[in-house]
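To start, the structure itself, in structure tokens.
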């Protein structure tokens, strides 16, 4: 199946299973429309003559990736699509040389997932009952995940998970001191929060509007990336997510300064469309599209992407 | 019911009762389309880390409000939807800690409405027969309304009420001298009219395009708010209305300098969808949405909203 | 019938009579879409307080008009709609205090039309056989028309009339010398042609894109009006046409420097919808809408409209 | 049949024959939508008065053309539409005084096509097996084609042809030395590639986004033409293709500095709609539209088009 076919088939299957609400956003769904529209604003400056050696391989902190394309934190919708969906996704991402990212709630078989051998990020929401937060992070570390993280942008909660409240820099610093793995702060969308992420000592940030699940009218990370990069510089890696569907989108995210791109809905659609194969196909086909467009724009590796390739 | 469900259900009920014309605008309905489109131009700059204490409570002159969300002047469509609609709306707004606003014609049971205990603004159109204007204002004062006002933008009349003609500064000054309650001038949409409102001695102005019921191709208050605030400064409160449907819209209006936001069609739709409960739900759910987005943008109270939260 | 109803009903009648092609434009119909879209770019700056005395009456050279709204040159489609359509249109325009404008071919009952008493402009296309041009102009003068004109923008012809070729300044000067009535040059859409119109000694120009009947992708007169007014100044009156459907559109045209606005399709639709009454209703209702919006923008007469009323 | 009718009928025939996929583009088809949209950004500044002598005739290197409208490289879809389609297209283009352009694979009856007497460009893709490239070019020269060319923008291949890889300047120089006919480099879309084309010694370049068949989100040549002309100057002719459907589009391409315009899909649609006649009609009708719009914008020949005619 081509990417188009996977996305179409995946949507049909989710519709048939009554799971379409997992793909929806809050309120007017401005965020979802904007996450799609933002990519149509940028075209590529072509460099067709003089082939270069191109690789999509990249390193994210200590993780080697086949391409700068990983999974964004999702959990509960996956077992709704297929009972052992999380394991299938883990295996698919392992085969694709990618990275997994899990969210709330903590999966009961997290250890089993980790044993698949794919690098795993476990992010936790800032539950108002802070003891849960630290408990889940500890359990994730015990299960052997690669990185742990906090979804700092969950606010009072999302469409699906309530009972959260924003964390302070002090609370996040405390978590940073307690964890033994790299700490990811997910949901940075302004220079203010980027500064606080540095202050906390975050090892990675995720520039994200949470897929339209928190509040409406948030910008796309691309809209604010210059401001965020202005704060972060090259101190720590920035992962970006939000509406990425094609290799061309990935290159645009990299050109704005992301080191890797997270996929949310495409993983769900891939799983719905064709199980483990579908998820793997999404990642590897996007990587292949990325490689083709890198060749045509003279970008030799993900770290070499820059704004000058965009028009 | 969620806000979406209330708006959808309310529209269906009004359609079924043949009352949809109450929701229409004049001529090409540019104003209605623009009142919706204008909100999609602004996104929020998120401040997710470091929770702040947030309150939607605010004071408008001498009125305490649970949130900066009040009713815009409407009258006649309400009893068409439900016979005792005005009383239901009054009770709903009272429970929501909001403010009522009534227009033309003067309600026969105005005193009964006032006795519900909700603060009430009674606005009057500039009927060419000026004696009606002063008579109605006096009757409103006698009935105990909180504020009185003139709809200065009615021009020759609206889609539904004819026989008006613009008032002069002198005429408005005369009214100001005669009334014992705060005087609202509704329909200020340019710096010229803002200056005249100050000259008249208005206590509150409403920046409004009259919901598309006067002339076509009027701007949204947001389009001209900088010019109006340039004249008014912080001398008197500015209420804004026009197409507000969500808490996010309300925060945008506040960010442009409004102290409170008026709701017209949402009140009608709430009443049509679910009577008193529906009206209350519209106001309280919008207030709750407002609170969530205030938390995520670092706005501690309505008066602290500013343009810097918008992108 | 309201304007909306007239336009809708007129379109239905023309559809039923197989005359819709009269409403179409050349090639991609960009011009027709743009003629509609251009009006949505401008909103009004309201002046609601302090009523002024407003009149829509105006003078165009030696012609007194009830409003700055006249007919644009059309001929052949009118008798297709109603056999004695031209006489009906003449009577309607006379009653409305407006002006008629006739194009190609020359009407056989032109004298009868003139005798209705409405001021009449007869424009002639630049037929390659120049003898026809002068012959028709002479016949029009003999029939007693008020002004005569040349459609200088017909190029090689329009969708409906072929066998034309552009006229030179010298040819136009020759016509100017021969005619005894004011000479209108219709189809000026650039400063170059405006300069040539002055050189010819034209008494009136019509800024027009010929209703989308000549070539595609012509701008609307509003797009180029500043350049044209830069050349013409206030030496001679400028009539504008192109997509005007409402009083608000008319005021926008005046604000850009037109002295009067021409109506094409609205006249056809009015006639189709309701005969003589329909045509009259189109003109008088647009004039009434114009008056209302003039009152709300502080424009006391058509000559006082200016760009400052637009946002 | 008019152009509209040809395009509509052609699309129907291709649909009926299951050939619609030949008209599609890669991935999201942004390129196809943009190739259409880009033409709506420019309007014409009209010069209606003072007719000029206009000719669409032009010379492209040593080729005399009736109009600056030629065929863009296509091959395989044509015999799918009609068995002897290539000969029909050749005859149609010969009659229209135009130029043919053939792509991959090399036609078995290339000699027969050449003998029709139409000037022929044979372009070859940069197959990774470079021996094929040179072999095909030699065979094309032997068959008597007028010019030969390389599709430098094929990258790793297109939707339909795989097994390519970008050529280096040195490889292209080597080809230039070997060929005895003028060398065309097709697919220049940036100043970098334009510089390399000059370095190679190309005789003609084609500014093109390959009809949306290579990578997504490429700009239209019009978007980057100023940069390309900045490099190329008037040293060698620039052919442009991408979404041209009407004479007005052609004039816009010329105004941006192209010497001739290539047609891809319109040739397919013309052939599908009406065989040889259809192809001829497409070219001659576009030329006639071009002539009309040249007359109305004061452009006496294709080389005289300039940016000042656009608004």
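Which chain is which? They are A, B, C and D, in the order written, and residues in each are numbered from 1.
FYI, a residue touches a chain if its C-beta (ideal position, glycine included) is under 8 Å from a C-beta of that chain, and two chains touch if they have at least 3 such contacts.
As the structure is a computational prediction, the values presented were derived from the model and not from experiment.
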Given subunit B and subunit C, the chains that contact each of them: none
Farthest chain relative to subunit D (centres taken as mean CA coordinates): B
Same or different contact residues where subunit D meets its copy subunit C, judged by the half mark: different
Turn needed to bring subunit A onto subunit D - CA fit, degrees, nearest 5: 90
Intercentroid distance (Cα basis), subunit D paired with subunit C, Å: 42
Whole-Å gap between the CA centroids of subunit B and subunit D: 59
Multi-chain contact sites of subunit C, meaning residues that touch two or more partners: none
Contact graph of the chains (line, ring, star, complete, other): ring
Pairs of chains found to touch, sorted by chain label: A-B, A-D, B-C, C-D
Subunit C residues touching subunit B - in the complex, by the definition given at the top: 3-4, 39-40, 42-51, 246, 248, 289, 292-293, 295-296, 298, 311
Parts of subunit C lying in touch with subunit D, wherever the complex brings them together: 27-28, 30, 34, 152-153, 155-156, 165-169, 172, 185, 187-190, 192-193, 196-197, 214-219, 223-224
